[in-house]
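The two complexes that follow have subunit A in common; it is paired with subunit B in the first and with subunit C in the second.
Up next is the complex of A and B:
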């Protein structure tokens, strides 16, 4: 089955056995393709003695840590075919991932994102309020994860309006005009979890005027790390937003720049879902064996999309738990899971301070 | 000079102690009172049953042991301390500061010791013992010792750097680079302990003949896993000589694995780090990975030995490994970043000949397996007593 055929299948419609068959076939092909076209990846697979003939299931394919994309250029197409380069949004001084996309991969990313997200939002385009400032997407040459997220999700919106100005202050005039114009219509809101909390929710709380977003559907991502340090749980995040502006249809998503397109959306039951285009596997740290459902482990993500870089089987630095498969009350097939957060830094002994600094 | 900063805590001594250090008469190396001071400190610390590193330092600074080290110096009568030594000690080895102080004081200097910013109980134990001694029997030594603590602060680094005669920087390349932004006085000198790696060579046949193999394994464990294999002295590559290499390796690594399984905690982030380090090396070097059931021991066999190999080193149980016929084959790997060569089953004579004949760019110490962490006044290629004292020609 080629990818355009796969895109015809509803994204949460295959059960375990069918999905496993398709994923195994496609991911094995991708492994072979990247071995042939990316020298660094070929060397890696040679070092671990990879033998495609022995792979019966995609669980058995080698996975590489995402951090490698920060340390080396891993590309499986000629540089002339690179259509855009995505980067992760690291803080100043941190290394960032560089992901090389050709037209095929970039196109498939977008199509996949549409398939997955419209399963939650419906197919109609909605007026869109972006909880961020417009300058995040101005530099098109280098897409940061934040900019890429906004641009990616923008295809679901019409009349896109930014809720924040360049100084991250809420642009109340613009927001009110936008809401007035689209009164009574369903609207789409998109932003990064911490930005929404820090620059939207907290500011709304201080306003004497109420704004009404009870017609809105909010999609947010980017992780909980900063909110955990403020001791804000997912439930509280939702509740407080409902309290301050009536927003109740709220979906977190899990995704990363290394596998753009294959996002894991949170359903009505509060669970993240894997679509037919990708999967999550949790692994035990001591030997990378596969965890039981309900057991916390390191998250591996696999995706059928990466054709132009060897990022189809990646070990993340996140810990998560597979909660079940094919039987979520929301009706979607596939695995559903939760993310516990980043792996904890270890206290490393020894006399080299450099190591400690790197992990702080 | 400003010696009071909000961020600066004095644990032993006061700003006044430091002010008076300037102009304080230096001591002769291995001064009798200094030796007594360390002997008294030794008595206090050797009693400690909770921390083996504290007890080890206590044992090391016995008068008898120090007198033995003194024996190797024939020019003490012509030497005096250089003045003030500013020690910047590593943040993640609790007891290192005590050895650094000992070297500075034994060489005849006043010492400003920057303690690890993190609160280690070991530091607390040694600090309070020192404090007690300086306020009772050893008030005459008190002007020579000041312990301070501060989080990274360039103003404080500037102050201590400008007034010291010797600056000692532990903690690796990044710390050295940071500290070097603070200028030293024109007469001052610097001793830096940069990022280093170490190596191990084992004779397979001698290993197989060894009756109590677990003492060898215990020694190896202490050299590596005990410090997360992240000390400069920790072997990152293992060379095998002799005939029955395969048999020896199987036995050795199985035992290492069993010991690590029993005693070592590998955090998930270390496991992922090792996997990433392995692929990084594999991407750029021709290596093969030895199969293992879990992540405790990771072994990478390079096709070729060269000077760039150790740029791919990692910690937490991550080893390069290579069979060799002649000791000479190790030399290309032993660049100037190579600090310690530990050995098992190799004649000392053969190692001396190796150095004599092959003139490696690196290797500053050659010690038996299990002894890599044993501190000595000759460290990292420096003779610390001579480095921190002045030779007076008459």
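Up next is the complex of A and C:
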């Protein structure tokens, strides 16, 4: 099955057995492709004694640490075919990942994002309020994860308006004009968790005037680290936003620049969901064996998207728990899980967390 | 103004290029038509013809010519 055929399948419609079959086949192909076209990756696979014939399930494929993209240039296409280089968000002085995209991979990323997100938002595009400042996407040559996130989600919006100015102050005039113009319509809000908390929620709290976002659907991501340190739980984050502006339809997402497109969206039941395009596996730190459902472990992410760089099987630096598979009350098939946070001693990453590091 | 003229202007304004540069243009062929430029281009075309395009069409609009084809779906003949 090629990727265009896969895109025709509803993103949360396959059960464990079907999904395993497709993922195993496709991920083995990708491993072979990257062995053939990326010398550094080939050496790694040789070092671990990779033998494709022995792989019966994608759980058995070798994974590489996500931090490797900071240390090495891992690319599986000729440099002339790279048309976009994406970088991870990093705090000042941190090395950043560099992800090399060719046209095929970049196109598939955007198409995949559309399939996954519209399962939650519906197919119609909505007026969009971005809880960030417009300068984030100004440097076009070198794309940060934050800019890529905003731009990627922009496809779901129309009449895009930025809620913050360049100094990260709320632009109340712009926000109120936007809401007046689109009164009664469903609107899309997008932003990174900490920015929403610090520059939107806290400012709205201080205002005398109330703004009404009860028609809104908020998608946010980028990490919880700073809010955890302020003892703000996910439930409280949602509740406080509801209290201050009526916003109640709120979806967190988990994703990373190394596997852009394959986001894990939070459903109505508060769980993150893996689509048919990718999967999560949790592993024990002592021997990398696979955790039971309900047991916390290091998150491995696999994705069928990366064709131009060997990022299809990655061990993250996050800890999470698989809560179940195929039986979430929201009706979506596939695994559902939660992310506990960063592993101890791992460096800070995530669009929200790296930004929040300035507020220590 | 004909639809073709409107379409050319929408392209030129959306991508911040000259109208003469638009014919035969393809996505990523010039620095101005990158992913940021693309979203500006879509906004410009939507404003010009007062339409709201589907997400699939936004992705598929990969060249000046392809855009004409897509606009037919919205009953706009270029």
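In this section, the second predicted complex is superposed on the first by the 345 of 360 C-alpha atoms of A that agree within 3 Å, B and C clash if a C-alpha of one lies under 4 Å from a C-alpha of the other, contacts with A are read in each partner's own complex, and residues count from 1 in each chain.
Following the convention adopted for this analysis, contacts are C-beta pairs under 8 Å (C-beta built on N, C-alpha and C of every residue); 3 or more make two chains touch, one makes a residue touch a chain.
Everything numeric here is computed off the predicted structure, so don't read it as measured data.
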Subunit B versus subunit C as contact partner of A:83, first or second or both or neither: second
Contacts of A:344 with subunit B and subunit C, given as first, second, both or neither: first
Superposed model, subunit A: greater residue contact from subunit B or subunit C: B
Contacts of A:186 with subunit B and subunit C, given as first, second, both or neither: neither
Partner chain(s) touched by A:44 [first = subunit B, second = subunit C, both, neither]: first
Partner chain(s) touched by A:67 [first = subunit B, second = subunit C, both, neither]: first
Contact footprint of subunit C on subunit A as seen in their complex: 83-84, 103, 106-107, 110-111, 114, 118, 123, 125, 137, 140, 143, 151, 154-156, 158-160
Subunit B-touching residues of subunit A, taken from the complex the two chains share: 40-41, 43-44, 46-49, 64-65, 67-68, 71-72, 285-288, 298, 315, 317, 319, 343-357, 359
Subunit C - residues contacting subunit A, complex: 28, 31, 34-37, 39, 43, 46, 52-56, 58-59
Residue ranges of subunit B in contact with subunit A within the complex: 90-93, 96, 170-175, 193, 195, 226-232, 234, 266-272, 275-276, 278-284, 286-289, 291, 293-296, 300, 315-316
